[in-house]
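Structures given as structure tokens follow.
What follows is chain A paired twice: with chain B in the first complex and chain C in the second.
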Partner chain A sequence: MEHLSYRHAVRRRATGSKRKALVGVVASGNLEVLVERVLPDYMCEVDIRTAAAGFGEIWRLVVADFVERRSPGGLKLSINDGGARPDMVSLRLAQAVRAVEGGHL
Partner chain B sequence: MNSDAPWWSAHSWFGASARERVRGLLDADSFEEFIGPEHREMSPHLRVFDLPEQFDDGMIVGRGLLDNAPVLIAAQEGRFMGGAFGEVHGAKLTGLLRAARDIRSMPVLILFDTGGVRLQEANAGELAIAEIMRAVIEARLAGVPVVGLVGGRAGCYGGGSLIAGCCSAVAVSEQGRISVSGPEVIETNRGVEEFDSKDRALVWRTMGGKHRRLIGGAEMYADDTVPSFRDAARRLIERAPPMNVATLAAEQYRLVRRIERFGACADAVDVWRSMGATEPQAIPALAYQEFVALADRLEEPAHEAR
Partner chain C sequence: MRNWNSARTARDSRLQAGARYARGKLVAAHDATALLEAVLRPGDRVCLEGDNQKQADLLAAALAAVDNRKIHNLHMVQSGVVLPEHLDVFERGIAKRLDYAYSAPQAQRIAELLFGGKIELGAVHTYLELFARYFIDLTPQVALIVGVSADRDGNLYTGPNTEDTPTVVEATAFKDGVVIAQVAEIVDAVPRVDIPGDRVHFVVVAGKPSYVEPLFTRDPAAVTETQILTAMLAIKGVYAPYCVRRLNHGIGFNTAAIELLLPTYGERLGLKGKIASHWALNPHPTLIPAIESGWVQQIHSFGSEVGMDDYMRARSDIFFTGSDGSLRSNRAICQTAGLYACDLFIGSTLQIDLQGNSSTVTTGRVAGFGGAPNMGSDARGRRHPSEPWLRAGQEADPEATAPLRRGRKLVVQIGETFGDKNAPLFVERLDALELAEKFALDLAPVMIYGDDVTHIVTEEGVANLLLCRTKDEREHAIRGVAGYTEVGRGRNAGMVQRLRERGVIRRPEDLGIDLLDVDQRLLAARSVKDLVRWSDGLYAPPSKFRNW
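The block that comes next holds the complex of A and B.
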């Protein structure tokens, strides 16, 4: 298992007031994202445990893209990964923010 | 589809996640989870094998309302490690059942979706199965209905099927399979002549929901939708038999009779024929309503067993 962690300063706080949400499942090619509103409004942290070692650079790019697009201020996103592809990871990250912001999935 | 209908009203139970099943089964927004994923109570064993963990260890437990009546509920996520029982996964269900035993007034729903014991946690998993079976019996002795619902991807195999066998009542859909040994296990141990695991039609008619309903392994047959399982859960809670000597004697009698009546049958189709089905070979293709009518007609009379 490889452990990766990324912290970003972000432009604005994620909307809504839900404290936490969970999306996805740990299975082959899939991942779960637990999102918790526990950080200062200008911070975002993505913490990853993955079965596929050696893809740190791709994770870094996917997370940076996600932070730029969604500005998930105040959120800590914890990931258990079963070897998902980058497109699936992007989808789940977006879904997680949507879930904690209170929108429809 | 009516756009005002809730999202799950046409949702396949088979295709839904464990969390979607729980949400759709209970009254809207009534679910309250115990030891949720944010507690990170994960398996202590998987990391030894360098395997990925899941925050809820594949078991969701909590309470909610079913038609405004409080219930306890447990659901297995069949996609995480095949819904298999490990130490934490099992302990969450054991704790829920012991709470039910002590509270006495809240029925328990168990949404099975499991291949059995998680091999990486062999001894802890086997112990969990034994503890859960004891806890089911203790809850039932305290007068608590424990209802199993089977219709997920992983079916209900191994230790999961033993727990289902201890429940007050079980509902199963066509996609739900209930068996102690899985198809591949039987073939490996007894040879392809005994059971060809690649013959999917054989697997479905031997372990699938229709056969289980017909021979009495399940009390109700559900359609593969969330509302159908919700309806089955409600009805089975109401008609749960008491856990007493008379019920156990009736169950023993029923099992002895089953071997007498069907022991010589080589195939499920032979069983259905000897039960009185006029076109047994047509049963696998029957639609939901037709099959429910047939099963009600063929049901054994002495059915107050369990």
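The block that comes next holds the complex of A and C.
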């Protein structure tokens, strides 16, 4: 099990007031994202636990794009990865932000 | 004095040689190989019927069993290389040269036989192109075809899976060739005459139905959420703005997802009646919910699909049916319809390069392309206007004088940036080029040429290549939807941003797609059982798709 962690300074606080949300499932090719509003408004942290080792560079790029595109200030996202491809990871991260903003799944 | 009827004389002597195995036109299954040895001559051009669906399986086995000292060097001109027997004939030296259109299941073995010099490859065609050559320079001397039933005069019922048969018979029977049909049974009167008996010389009684592959069935339960996202992007980013009413869908989970989203997502967007009403399409089970919800006005089909026959019989307002009530399909005509009367083709692929060239040939697999190169091309002979065609033409060439401007067919490639086994969809160089070099082919097997592709849809967004003005813009439009593949990571962020501002690249958020909607619950059917329910119990899925 590999453990990766990325911290970014973020321009904007994620909107909404929900404290936490959970999206996705732990299954092969899928992932679960727990999002919690626990950090200062200018911070975002993404914590990843994955069984697929050696993809650190891709994770770094996916997380950097996510932060750039969604401005998830104040959020800590914890990922339980079941070997998902980058397309699924990007989708789940974006969904996690929408969920904590108060959107409905 | 020249003999102007030598081919007819030759055919008559072949018929005479075959007649000793026949009673009238009927031949027993165990005499099929002897019949072929009597009728065939070394070097003949032979069409062994089979495409991506139905197969003349008994005749294929009979041909693979002929004595190769008597029959050899045949030139096979056939739609599909699908059954093992289709390649056994090359391995045994019965056949030497091959011209074909589709080969997915045997793609690897074709590559091996090419490499071993057992096959001389003519070309990998599109269906319509191969059919065209049947009438010009690849006319078969012998056609081995397949039907459901026949009467004693040789009248054939080919039923819902009529597919290629009328075209193959037309080319062979009217040019002094011999037509041999296999059928499951002999009946007193066929349900309808698909092929008149005077075009059929021998009928081999197989005693059982021929093999048909359920190639167009996709289980809704296996549709992933990224596929749902690509489908939403296609509907909102392509179908809606161009008002695409007349279209063709290729095979695959992305297009199946589009079909399953029409009655839900499409309905919510208010698109019912405005898009996706007239189709050139095989009877995809995943279209059932859209048909039942009143989205679809008319469908013409290349072939049938296993389990759909009763449903189509009960929905004759939608499908083309014969005097017996069952579906009549016709591949050549449907391919023509797809080329000239559809405004959009959308399909999946395995590799796309930076020019937008697309191919399903990868290292070690020489798959044919079936109908995609035809449907996925702009018909330069088209002369009738339609809203999507005119708009696409305008986007491609805004400066041209409108009444003199050609429209453009929308040709869309759709997929996730990473495919099966994490293979990247986007590559710097197609594997097809390597293959062309290895076998010294004049043409690399490209499925859809980049200059025909108008849009690429991935989970990252829609790239509209019609709006690209330079080679560099086009390359970056492609990189901009290529995700985390090496091609995608090679993008210049500033350039991609400028293309996005111009609407060349549109992200889900640019199109107002809420990613929380990307959920399997958005599919109108979430299992094969749901499809059966939607069909009122008329759809009878094959056993491999049943888990209840």
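Convention: the second predicted complex is superposed on the first by the 103 of 105 C-alpha atoms of A that agree within 3 Å, B and C clash if a C-alpha of one lies under 4 Å from a C-alpha of the other, contacts with A are read in each partner's own complex, and residues count from 1 in each chain.
The working rule: contacts are C-beta pairs under 8 Å (C-beta built on N, C-alpha and C of every residue); 3 or more make two chains touch, one makes a residue touch a chain.
Everything numeric here is computed off the predicted structure, so don't read it as measured data.
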{"item": "Chain C versus chain B on the shared chain A, clash or fit after superposition", "value": "fit"}
{"item": "First (chain B), second (chain C), both or neither touched by A:80", "value": "first"}
{"item": "Arrangement angle, chain B at one end, chain C at the other, chain A at the vertex (C-alpha, nearest 10°)", "value": "70"}
{"item": "Which superposed partner A:22 touches (first chain B, second chain C, both, neither)", "value": "first"}
{"item": "Partner chain in contact with A:90 - chain B first, chain C second, else both or neither", "value": "second"}
{"item": "Shortest span in Å between Cα atoms of chain B and of chain C, once chain A is used as the common reference", "value": "5"}
{"item": "Interfacial residue positions of chain C with respect to chain A in the complex", "value": "224-226, 229, 416-418, 422, 458-460, 483-484, 489, 509, 514-516, 518-519"}
{"item": "Chain B-touching residues of chain A, taken from the complex the two chains share", "value": "1, 20, 22, 25-27, 30, 32, 34, 36, 49-51, 78, 80-82"}
{"item": "Complex contact set, residues of chain B against chain A", "value": "17, 19, 36-38, 47, 50-56, 77, 79-80"}
{"item": "Residues of chain A defined as touching chain C within the complex", "value": "29, 58, 61-62, 69, 85-88, 90-91, 94-95, 98-99, 103-105"}
